[in-house]
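Presented below are the structures under discussion, each in the form of C-alpha cells.
Next, two complexes with subunit A in common: one pairs it with subunit B, the other with subunit C.
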Partner chain A sequence: MPSTPAAAPKATGTTSPRRGNIRGRQGLAGWLFIAPVVVILGLFLVVPVLMAAWVSMSDWTGRGSPFSGNVSFVGAENYAGILGGEGLIGRDFGTAIRNNLYYVLLVVPLQTALSLFLAVMVNRQILRGRGVFRTAFYFPSVTSSVAITVLWLFLFSATGVVNKVLSFFAIEGPNWFQDPRGVLYILLGLVGLDQAPDALQTPGFLGITGWDWLAGPSVAMSAFILMAVFTTSGTFMLLFIAALQNISGEVQEAAMMDGTTGWQRFWNVTLPMLRPTLFTVLTLGLIGTWQVFDQIYTGTQGGPAKTTLTPAYLSFNAAFVDQQWGVGAAIAFVLFAIIVVLTLLQRWALQERDVPRRRRMVPAGVSAGSSAAGATGTAARKNEERGSSR
Partner chain B sequence: MSTSTAPAPEQTRRRRPQSEGRRRAVRRAWLTYLLLIALAIIYIFPFLVQVATSFKTEPEAAQNPLGIIPQNWTVAAYIGLFANSDFPQWGMNSFIVTLFVTLGRVFFNSLAGYALARIPFRGRGLVFALLVAVMAVPGVVLLIPKFLVINQLGIYDSYAGMILPLLADAAGVFIMKNFFESIPASVEEQARIDGAGTFRTFWSVVLPMARPAVMTIVILSFQGSWNELNHFIISTQSPDLTTLTKGVAQLASGALSQGTQYPLKLAAAALMTVPVAIVFFIFQKRIMNASAGAVKE
Partner chain C sequence: MKTAHPRRLAVAITAASMLALTACGGSGFSESAEEGGGQAEATDAPISVLIGSSGDAETQAVTSTVDAWASESGIDASVIAASDLTQQLSQGFASGEPADVFYLSTDAFAGYAANGSLEPYGEDLENKDDYYPALREAFTYEDQLYCAPKDFSTLGLIINTAKWEEAGLTEDDIPTTWEELAAVAEQLTTEDTVGLGFSPEFQRLGVFTAQAGGGLVTDGEATAASPENVEGLNFVKQMMTDGVADYSSNLGAGWGGEAFGKGLAAMVIEGNWIAGAMTADFPDVEYQVAELPEGPGGKGTLQFTNCWGIAADSDNIEGAKALVEYLTSAESQLAFAEAFGPMPSLQSAAGDWAAQYPELEAFIAGGEYAQNLPAQQGAADVLGELNSQLESLESSDPQQILESVQPLLESVVTQ
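Up next, the complex of A and B:
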C-alpha cells in the first residue's frame, strides 16, 4: 500500500496535459490485470454461494437444472429438518455436531500446545541440528491428507503398529477404527458406571440424548484426533518459530538478569509477546477443525456407528449420495454460520482478556508484553539500581 | 551491603552459582536433546514403517508391523499397482492438473498482485476487500455450491472443471502483492520513461525481479493441487479423470480390495508422497519461510 500515494502523483505529474487519458489507460490496465482472478473467484465462489442459497431452500433432487420449473421453493423446511433434531437427518446432524465438537475441543488445544512446545524447544540457541528437528516435525504437514489417512488406518489397525507397541506394556489395544465406544464411557465403565441415569436417556438438544452428548469422542474419532495433531503441529510450529525469532534476545537476557527462572520467563515474557501468533493459530485451528472431510471420506465414511460422522461429510453425503440437495446445502450453510460465530466469539473472548491484563502489568514495571524496548529499559534500570546499591 | 566491601568475596560468590548453573544448563541441554530425538522418532517412524510395509508380504505386514526391514522383500505391491490398477492413469491426471494449476496460478496471481500493488485504478479498494472476504470462506462448505456451478456451466467431468476453479487463489495474490510492494518504484519508472507499456513493464522488468515470490507460489500451488481431494470428488465421476488422491482414497475405502491389502495401499500412499517430498527437500528453506509468512493452504 505505501506505493500508492507515491505512484499516483508521479503518473499524473509527469504527464499533466494528458492526465485524464493516462488515468483512463491505467484504470483499464488495472482492471485487465485483475480480471482473471476476479472472474474466476466470482464464478466459482460468489455465484456458487448464491446458487446454493437457493438450493438450500428448494426441494431439488439433483435432476435437471435447479432453476427449472419443477423445482419448488420450500422456505426454511430443510433448515428446520436439520435443526429440529427429529427424523433420521436431524439425529444424524446432531450426532455429527457432537462428534465434531469433541474433535475441535481436543484438537485445537493439543495442537496449539504441542506446536508451541516444539517451537520453543527447536528455537533454543544452544541447540545443534535445529534444522533437522524442524524438518522432522514439519514433514507430516506436506503429505496429503489421503496418504496420511491410509498410513493411519494401518498404524491403528487391530494388528497395527500402535497396538504392537501397546502390547509391550501389556496393554491390549482396541481395534481403533472399528470401535464406536465413547472414551468417557470407557472411563466411566472402569469405575462401574455403565448405565445411563434416567435423566440422560431422553432425547435432548438436536435429538441427541444427554448420555450421548457426554460420551466423549469414540475410540475411532480419537485416532483421527491424534492424526490431526500429528499433521498440523508442524505448520503451526513454523508460525511460532517465526514469532519467537522476532522477540529480541535482549528482552530474554534482561529478564534473566532479573533472576527469573526459565519457566517464569516463558509465562511472563515470551507468552505475552506471542499473543498475536497464538491468536492466529487458535483461529486457524478452529476454522480448520470444523471442516473435517478428507479423512472421513478416505477412512471411515462416518462409521463405526456414525461416531466419525462430521457436518462436512454429512452435507456431502446428503447431497451426492442421498440426492437430498436442499438438505446438504442447508447443512453447509449452518456449518458456515457455526464457523463464523465461533471465530467472532473467540476473537471477542481473547480481546476481552487482553485489556485488563496489560493494564495490570504496565504499572507493575515488569516486561509488559507489547513493548520490547520498555521491558529492556526497566530491566536495565533495575540492574543499575542493584549495582549502585552495592 | 556497603560500597566499601572488597570485590574479592563478591566475585567468588558470583562464580560459584555460575558454574553450578552451567552444569545444570548442560544437563538440561542433554535432556532437551533426548526429548527432541524421541519426538523426532515419533514423527518420522510412521513414514519408515510405511515404506517398509510396502515391500512386505501381506502376512508379514500383519504379523510384524513394527519391522523396518522386511524379512522377505517383495515388490508385489508395486507390481499390483502398476499392472492391475489404474494407478498410472491417476498419476498422469494428477500431473496434468497440477501442471496447469501451477502455471495458471503463477500468471494470474502475479497479474492481480501487480495491479493491487502498483496500478492505481478505480475500485481497487473494493476488489481488495472482496479478496479478503473470499479468503474467509471455508472450503468445505463450498463443495455443493461449486458442483452446482460446474454442472450448470457444462464442464462437469472434464479437465476444465477440474482445473479452472482451482486457478484463483486469494492467498497467492496477497503474497505477490506484498512482494511487488517491496520492489522500489524507481525501477518501473525507468522502463516507463523508455516507453514501455504497463504489461511490458510488468512482464519484462518487474516479474523477473519477483522470482522468490514466484517460487513461493509455485511451491504452494504444487503442494495444494497435488494434495487436493474434495474438489476432484465433486467435479468428476469417470474413472479416466480420477486423480491420485481420489483413486487412493477409493482404494483405501475398499473399492478393489479383498483382505486388508496393506502393502498395496501403503505403496500407493508412499508413491503419491514422493513428488511433494522431493519438492519439500529441494526447497525446504523456502517452504518453511513461506509457510511461516503466509500460512499454508
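Up next, the complex of A and C:
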C-alpha cells in the first residue's frame, strides 16, 4: 500500500491541521488496513449466514442457486414445522431438544466442576511432578474427537472394558450404546414405578410427552456425557490454572492470617476471583454442548431409538440426506437462538453484584475495622476488579 | 461536517465491497444453473463418476471398467470414491457442478428426482426390459424410469455349518416354514449362541412381514398396520421372548454378519455382501446360504439396490449415457460380481451368475419374489422412526408400533 504513507504527509502539509481531519484520514487508513479481514469475514461468515437465513425461509430443494427464480419465499413455514410438534420432523426436533437439554444440564456443571477441581489440584505447590499431571489431564483435549469416539465405542461395547470392570463388582453393565432406556426410568423402575401416570402420556411441549421429557438421558447418551466431560475438562483446566496463577499469593496469605480454613479460602477468596474465568468456561461449555455433532455422527447416528439425536445432527440430516434444506437451516437458527438466550441468561446470573456487608469475610472475634480483615477485603476486591475489566 | 466525510466514505466502500461479494456469490450460482439444460449434442466434455465404494476391490473394479470405456470412446472419464456419498452429492447439486454419473440409493432417489437434479434417461435404454421389474419399479418416479439399476442384493438365511452339525441337524432340516425355523433356532440355541440373529431394523425384520403376505406399502397405499405385518412382527417377538432369536446389537455386535462371524448367532438374515465380509473378517467360519422360509403368505424377502444416476446439470449427458450402458452390460456386471460380489440387475445375466456362484444361488432365487422397501421422499425418515421403535420390540406391542407409524407413512405416500 504505497498510497497511505504518501498521503499522510500531504495531509498535514496542505489542509488545516485540525484534529478531526487527521483523525478522519487515519480512519480511512484504518479501514484500508482492516479491509482484508472485513472482506474475508464478509465472504465466509456474513454472506453465508444471510444466505442460510434466506434458505430457512424458502423452499429451496438443494439444486442450483437458492436465489434463482424457482425458489419461493415460504415465510415461517419451516419454523412452524419444527416448532409445532406436529408430524415426524416436529417430534424429532422435540426429541433432539430433550436429548440435548439433558446433555447440557449434565455436561456443563460436571466439566466445570471437574476442571476446576483438577486445576486447583495441579496448581498446588507441594504436588510433585505437576507437569506430568497437567499433560495427562490435558491429553484427551488434543486428541481428535472422532478418535476418542471410536475408542469410547470399544470401551463401552457390551463386552467392552467398562463392563468387564463392572463385572468385578458383580454389576452387570448395560449394553451402553444400544440401550435407549432413560436413566431416570431405570431409577424409577427400581422403586417399582415403570408405568407413566396418565397425565404424562399426552403429547406436550414440542410434541413430546411429559413422561418422555422426564425420562432423563438414555444410557447411550450417558456414555456420551461421560466422554464430553473426559475430553473437555482438560482444556478448561488450563483456563482455570491460568486464572489461579493470576491470584497473588499475598491474598491467600492475608486470608490465612485471618485464620481461614482451606475450604473457606477456596469458597470466599479463590472462587469469587475466578468469576470471569468461570463465565468464560460456562459460556464455552454451553455453546459446545448445544452444538454436539461429531460424536453423534461418528458414534450412533442418533440411535438407539433416537435417544442421541441432537438438533445439530438433525439439521445436517434434514438438509444433506432428506434434501429439506429450509428445515435444516431453520433448525440451525433455532439452535442459535437457544444458545444466545442461554448465554445472556447466564451472563445475567453471573453478574457481579455488590457483596452484602454481612457476607464479607470477618472472622469471629475480630472487629470489622481490624486492619488484617480490611487488607484481605481490599486486596480481594481489587483483584476481582482487575480480573473482570476485560 | 468534514469530519464525517471519510467515515461515510469508508462505510460506502465497505458496503460496496459487500455488495460486490454478494453479487459474485449470486452470479456464480445462477450461471451454472442456467448452463445445465439438457444437451443433445455429444461433446468431449470429461465425465466424472462419483461412487460410494465398499472398499479397494470395488473402487479398482469400477475404475478399470471406466478406464476401458474411456479409451474405447475417447472421452475422458475419472472415478472418485466418495467418503460420504450423500453429502458430496448434495454439495454437487447445490453448486450446480455435480458429478456426471454417480451411485444413487433408493432412499435418496425420490428427492433428487422430485427436485429435477436427475436426468431421466431410463426410458431410452435399449435393454430396459431386461432389468428385474421390481428393480425398475424402485427407480420409477411419476411413471418414468429415471436410471439404470446398477446391481442388487437380496436377503437370505445364512447358516453356520459347524454349529448346524453340532446340533445334529442335516441338509433336510433346512427350514422351509416358520414353524421349522423356530424349531431349528431352538435347537441351535446354546449358552453363548442364539439360534437366529438379525440387525435391529425393519431392513431385516421386513422379510417376516413379507412372508406373512404384508408390506409397508401395497399398491400405492400405506398399509403399515395391516394384520399381515402385525402377524410377521408377532412371530419375531415370539422367537425373541422364547430366547431363540435376538438382535445383533443385544449380542454385542455391530451388525448381523459380525454376530454370525463371532459365533454369537448360528443363523442370521443377511444379504449377499456377507460373502465378502466373511472372507475378509472371518475366513475360518464355514457357512451355507439358504432361501428364507415361507410364511403364511408364501415366500418373501427384501431387496436392496442402487442405480447409476446421471445429473441433469451434466455437461456431457450423451457421453454419460453411453458410459452407463457400458457399465450395466451383462459383461461388466459379471466382472463386478467377481470383484466385489453384487448380483447383476439384468435377468439375462442371472443364469451365468448362478452358475458361477452356486453356493450363493439362494440370493438370486430371491430376486423372483423380493419386495422393495418404500422409497418415497421422506420414507427413509419413517423407516428410521419405525426402526427406533423396533429396538424395543421385545417389550412392546407390534400392533401399537405399526399403528403409530401408519399415519406417518400415509403422509409420505400420498404426497
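Methods note: the second predicted complex is superposed on the first by the 314 of 390 C-alpha atoms of A that agree within 3 Å, B and C clash if a C-alpha of one lies under 4 Å from a C-alpha of the other, contacts with A are read in each partner's own complex, and residues count from 1 in each chain.
The rule we apply is simple: a residue touches a chain if its C-beta (ideal position, glycine included) is under 8 Å from a C-beta of that chain, and two chains touch if they have at least 3 such contacts.
Because the structure is a prediction, the values reported are computed rather than measured.
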item: Touched partner set for A:Val104, first subunit B, second subunit C, both or neither; value: neither
item: Which of subunit B and subunit C A:Ser68 touches, first, second, both or neither; value: second
item: Partner chain(s) touched by A:Val269 [first = subunit B, second = subunit C, both, neither]; value: neither
item: First, second, both or neither for A:Asn175, with subunit B first and subunit C second; value: second
item: Which superposed partner A:Val47 touches (first subunit B, second subunit C, both, neither); value: both
item: Which of subunit B and subunit C A:Leu239 touches, first, second, both or neither; value: first
item: Partner chain in contact with A:Leu127 - subunit B first, subunit C second, else both or neither; value: first
item: Which partner, subunit B or subunit C, touches more subunit A residues; value: B
item: Subunit B versus subunit C as contact partner of A:Val183, first or second or both or neither; value: neither
item: First, second, both or neither for A:Lys306, with subunit B first and subunit C second; value: second
item: Overlap of the subunit B and subunit C footprints on subunit A, listed as residue numbers; value: 25, 27-28, 31, 38, 43, 46-47, 51, 65-66, 157, 159, 319-320, 325
item: Subunit B - residues contacting subunit A, complex; value: 1, 3, 5, 10, 25, 29, 32-33, 35-36, 39-40, 43-44, 46-47, 49-50, 53, 61-63, 65-66, 108-109, 111-112, 114-124, 127, 130-131, 134, 137-150, 152-153, 164-165, 167-168, 170, 173, 181, 185, 189, 197-199, 202, 223, 226-227, 229-230, 233-234, 244-245, 248-249, 251-253, 260, 262, 265-266, 268-270, 272-273, 276-277, 280, 284, 287-289, 291-293, 295-296
item: Complex interface listing, subunit C residues touching subunit A; value: 2-3, 5-7, 9-10, 13-14, 17-18, 21-22, 25-26, 29-30, 32-33, 36, 86-87, 90, 93-94, 96, 107-108, 111-112, 114-117, 200, 249-252, 313, 377-378, 380-382, 384-385, 387-389, 391-392, 408, 411
item: Contacting residues of subunit A [partner subunit C, same complex]; value: 18, 20-21, 23-25, 27-28, 31, 35, 38-39, 42-43, 46-47, 50-51, 61-68, 87-89, 92, 157-159, 175, 178, 180, 302-306, 319-323, 325
item: Touch list for subunit A against partner subunit B, complex; value: 1-4, 6-8, 10-11, 25-31, 33-34, 36-38, 40-41, 43-49, 51-52, 55, 65-66, 118, 121-122, 124, 126-127, 132-151, 153-155, 157, 159-161, 164-165, 230, 234-235, 238-239, 241-242, 280, 284, 287, 290-291, 293-294, 297-299, 301, 312, 315-316, 319-320, 325, 328-329, 332-333, 335-336, 339, 389-390
